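For reference, the structures are reproduced in the following blocks.
Both of the next two complexes hold subunit A, though its partner changes from subunit B to subunit C.
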Partner chain A sequence: MTFTSFNFLFFFPAVIIIFYALPYGWRWKFILFASYFFYISLKPVYAAILIGITIITYLFPILIEKAVSQKRKKKILIYNVILILLPLVFFKYFDVINTSLVNLLKGLNLHFPFPEIPFFMPLGISYYTFMSLSYSIDVYNEEIGAEKKFGIVALFLAFFPTVLSGPIERAGNMFPQFKSTLEFNYDKFVYGLQLMLWGYFMKFVIANRIGVYNKNIFDNTIRHNGHSVTVAVLLYPIQVYADLAGYSFIAIGAARVMGIDVMQNFKRPFFATSMSAFWRRWHISLIKWLTDYIYMPLSYSFRKYKMAGIVTALMITFIISGIWHGAALTFVIWGTLQGIFLSVEAITNKNKKAFVKTYNLGDRRWYLVLSCLFTYILFAFSEIFGGAVANIHSVLLVIKKIFLDFQGPVYSESPSTTLFLIFGISLLFLAEIKEEFFSGSHLLVNSKNVLVRHISYSVIIMIILLAGVFDESQFIYFQF
Partner chain B sequence: MQRKIIENQLTEIFRDVFGDRSIVINDGTTAEDIGAWDSLSHMIMIGDVEKKFNIKLKLREINKLKNVSALIDLILAHEVQLI
Partner chain C sequence: MNRSSFIFNFKLVLKQYLEKIKRNRFYYFLAKAVLLVSIVVLMDAALGDVMHYYYFKQKSGWIYETNYAVEKSTEPLLIFGSSTATHDCEPKIFESQLNIPAYNVGKDGHLIYYEYAVLKAVLKRYHPKIIILVFDDDELSQNQVFSSFVATLLPYYETHPEIRVVMDSKDENLKYKLLSKTYPYNSLIFTILMGTTEANKKRQVIVDGYVPLFKKWKEKIRDGKLHTNHPLDSGKIATYKLFVQECINSGINLFVIAAPIFMSPNYSSNSVIAGQIIAKEYGVKFLDFSKDTSILNHQEFFADMAHLNNVGASFLSLKVADSIKSYSSLLTEPSSVLITR
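Then we have the complex of A and B:
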């Protein structure tokens, strides 16, 4: 079961009804039960990996806390990190390492058949691995205490709204909430449902719709002209955004319905006027994780090298992020590109600020719009390497098409699908403009008039049903 | 008195690292108040603070810093240790 499964339509209301019918003390226990039910429904065997990681995540922080010397604490943390990372590394990179070894041996004329192990990566393993690591490191850094209740740790990792794709939460935020009374709060309940509705709109009306178009283009790039390929490349960031932010809204909303606050994962990224601003608004929980547990220790180690140290830390962090997305050359290039973008901005930051101040560009609308567009295009280009297409040959073909093939009109499946696409994206951007620039005013869904509120909900549901694409496609970030 | 001296020295470091001669800091100043104070420039500032006061800060101490007041406390704590 996932958020877009038919079963979830029954699962979620049932969970909420039982959740609020139970006495306070039982509520977190019930969410734990529901979370395992949710996860096991995907594939029971993967729950074994989650349980294994949960046991390690429970025991090691307690051992770290109990260790007398700093040296011993560090030693336990290192074992902890290795043990937690092993399953992720195995599932993510076994195939690549296996194939590379076989090819290497073939090159040496050695035909040694390695066993092929058919498996799929357990959904969510990256996310609960990251959450587990952050908890242990936070205990090591004495930012939080080790949790004594096994069930709370288990719920932290298995919590059904976040288990499949985050947001990558922190123990410091979640443990106290799980232990609270989790009373019914009408405002949170309603806001949670609104977020979920918006998330489904983003997923079905925008992400899946663009997904159909882009699949047509990227699966048969050779048959399409440069104009169509350019449109697909420019649409891809919106597709990923609608997909992952849509998922995040559903996750955050589902948690909020139960009175639990989960961190924001996106903050209108397409209004960012630079790449560094963009990365403060895009996949925030992952970037915060990378910043806290990879970038900060690295930049701390390299701090005496000043800007050179910062650039090195940035490059390493984003290349690791690239390799996390996938063990392929395209993802390494993607990470390197992000590292280069951010390093160039860091190096030129002072001069740029002085330039903007001298010519008073900070208040000029045209300058801000151009900055947003430039940032968007940079990101869209980098995403050609970041999962838009399958491999480096396809990437090269896409780039060749964009710059060399100018024949023919832009591909369109049919006038109605193009209309749906433009309609969905326009609605998304209108809502984002409202949030970004007029956050004081109320959306129609928050109107004081009950009738207006209910009509607004009905219209969004109608749009999802009429303009949505209900195919077999899953959320993009499940694969990571 | 000692806090004021440190604050003045920090002001100079901040102005230099964050590229703004008009920066004025006080106990409550946070990264929110200074536009250029982000996770990139933060560590350069820390490096300069360590050099200026001849101290070595731990990563976990740096992570816990909430504002300028906490940074001054940390510098004082290290100076006490040095003595």
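Then we have the complex of A and C:
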């Protein structure tokens, strides 16, 4: 079961009804039960790994806290980090390491293939591994105390709204909430449902719809011209945004319905006027994690090298971010590209500021729009390496198509599909513009009139029913 | 108590009751939830009815063709298949060559599940004399792009039990999803609009279900080794067997044809091989044009790698009609006679 499964339509209301029917003290225990039910429904064996990581996450911070010397604390933390990272490294990178070793041995004329282990990567492992690490490091840094209740730690990692795709939460934020009375809060409840509704809209109406188009292009790049490939590349960031942010909205909304506040994960990233601003708005929980636990310690260590130290810290942080996203050369290049973009911005920052001030560009709308577009294009280009296509050969083919193949019109599956694409994306950007520039206004779902609000919700539900893509394969027409 | 005092009392009681609800935030939420659900149900029913009305009012285009296949076709020769059927087979040629009315009930991107569901709907009304099933290169494969496509038939779920059975076998939750009256028309609003305004007529020519393509393929023949040959899908194989069995049981002369594909002959589609073996198993004629050099040697016959243009379609249709004619002595007999062992 995931948020987009049909079963979730029954699971979630049932959980909420039981949750609020239970006495306060039982509520967090019930969410723990529901979270494991949710996770086990994907594949029971996944839960075994989660339980293993939970036990380590529970025990080691207690040991760290009890350790008498700083040296011993550090030693326990290192063991903790290694143990927590082992499953992630094994499940995510075993295949790549295996293939690389086989190729290396082949190069030395040694044929010793390692056995292939057929498995699927446990869903959410990248997320709960990072959450577990942050908890241990925070205890080590004495920012929070070690939790004595095993159930609370278990709930922190398995919490069903966040277990699959984040946001990557912090123990310091979640533990006190789990332990609170979790009373019914009308405003939180309604706002949570609003967020969920918008998340579903983004996922079904926008992400899945663009996904249909992009799948046609990226799965058969060789058959499409440069114009179509360029359109797909430009649409890809919106697809990823609608998908990931949509998922995050559902997660944050679901948590809020239960009275739990989860951190914001996206903040209208396409209004960013630079890459550094972009990364403050995109996948915020991951970037905050990387900043706190990798970039900051590194830049502190390299502080004597001044700008060179900052650049090195940026490059290392984003290469790690790339590797976190996936075990492939394309993701390493993706991370390197982000590092380069941010390093260039850091190096030229002073000059840029002076230039903007001299020509008074800061208030010019055209300059801001161009900056947003430039940032978008940079990100869209980097995303060719960031999962849009499967491997480096396909990446090269996409780039070759964009710059060398100018024949033929842009591919369109049918006029109807194109209209759905335009409709969905337009609605998304209208909502984002409203939120970015007119957040105080009380339109539609925020109207003070109850009927206007309810009709607005109903219209969104109708749009999802009419324009959503619930099973990508339902509506694909594969041209060739 | 007179009428006005009754109304006054009722208003007072209602006001007090509403205020009581408003004070308890949980009940206040429940009351609003009931209001929201009511609006959604009403809106869904109204929109569903409007969509239903315009869906079945179409007189041309994509939806009309689906509707014709399911509810209106009467021709003794029907052509089933996906885009290879709609673009490669010209019913007029079959009509002139075999002297029987023909119609192309194929649908772009819709493979065996859809074809089987439509066959069930047709058989409920009448038994055609001949059915040509145009086999796509990926007809029985696990290719995710061509997954099921039975969703196209959602508007018929309620009124066609024979289609319902096929659809339920693909999605066990369908009966719950179809509690919504709007859901069957998912992704169809613009198609319905275009059909209603007849804008589709300007865009595409459709003659008896056949959609001619007029462009010519410019790229050189593709090396078959480079083509992805997807593994087979057991569900699709089972459905293909059901399709063949239904035709045999209904005494229909079934011809399965593998459509030409502009690719070097060193490529053998898993689907086509499986289709051929199963056809042989059931004693059904399987005509393989996928490597026919009289077509592959004429690049000008192709509109793209997988579809023929109008010239190629006429050529192929003549060839298929000739092949069927060669079995003409057998056509009056039940299809089980057409065993080609």
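Definition applied: the second predicted complex is superposed on the first by the 467 of 480 C-alpha atoms of A that agree within 3 Å, B and C clash if a C-alpha of one lies under 4 Å from a C-alpha of the other, contacts with A are read in each partner's own complex, and residues count from 1 in each chain.
In the analysis below, a residue touches a chain if its C-beta (ideal position, glycine included) is under 8 Å from a C-beta of that chain, and two chains touch if they have at least 3 such contacts.
What you see is a predicted model; the values in this text were computed from it and never measured.
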Q) Just subunit B (first), just subunit C (second), both, or neither: which does A:349 touch? A) first
(Q) After the superposition on A, what does A:216 contact: first (subunit B), second (subunit C), both or neither? (A) second
Q) Regarding the shared-chain residue A:179, is it in contact with subunit B (first), subunit C (second), both, or neither? A) neither
Q.
Contact-wise, after the overlay, does A:43 reach subunit B, subunit C, both or neither (first, second, both, neither)?
A. neither
Q: For A:300, decide between first (touching subunit B), second (touching subunit C), both and neither.
A: first
Q. Which one hits more subunit A residues, subunit B or subunit C?
A. C
Q. For A:106, is the partner it touches subunit B (first), subunit C (second), both, or none of the two (neither)?
A. neither
Q. Does subunit B (first) or subunit C (second) touch A:143, or do both, or does neither?
A. first
Q) Is A:462 in contact with subunit B, with subunit C, with both, or with neither (first, second, both, neither)? A) second
Q: Quick one: classify A:393 as touching subunit B (first), subunit C (second), both or neither.
A: neither
Q.
For a test of understanding, state which residues of subunit A touch subunit C in their complex under the given definition.
A. 6, 20, 184, 186, 189-190, 215-216, 219, 223, 414-416, 419-420, 450, 454-455, 457-459, 461-462, 465-480
Q) Which of the residues in subunit C come into contact with subunit A in the complex? A) 25-26, 28-29, 32, 35-36, 39-40, 43-44, 47, 83, 108-109, 143-149, 151, 173, 176-177, 180, 182-183, 185-191, 194, 203, 304-307
Q. Along subunit A, where are the residues that touch subunit B in the complex?
A. 141-143, 276, 291-292, 295-297, 299-300, 303-304, 306-307, 309-310, 313-314, 342, 346, 349-350, 353-354
Q) Any idea which subunit B residues touch subunit A in the complex? A) 19, 36, 38-41, 43-44, 46-47, 50, 59-60, 62-64
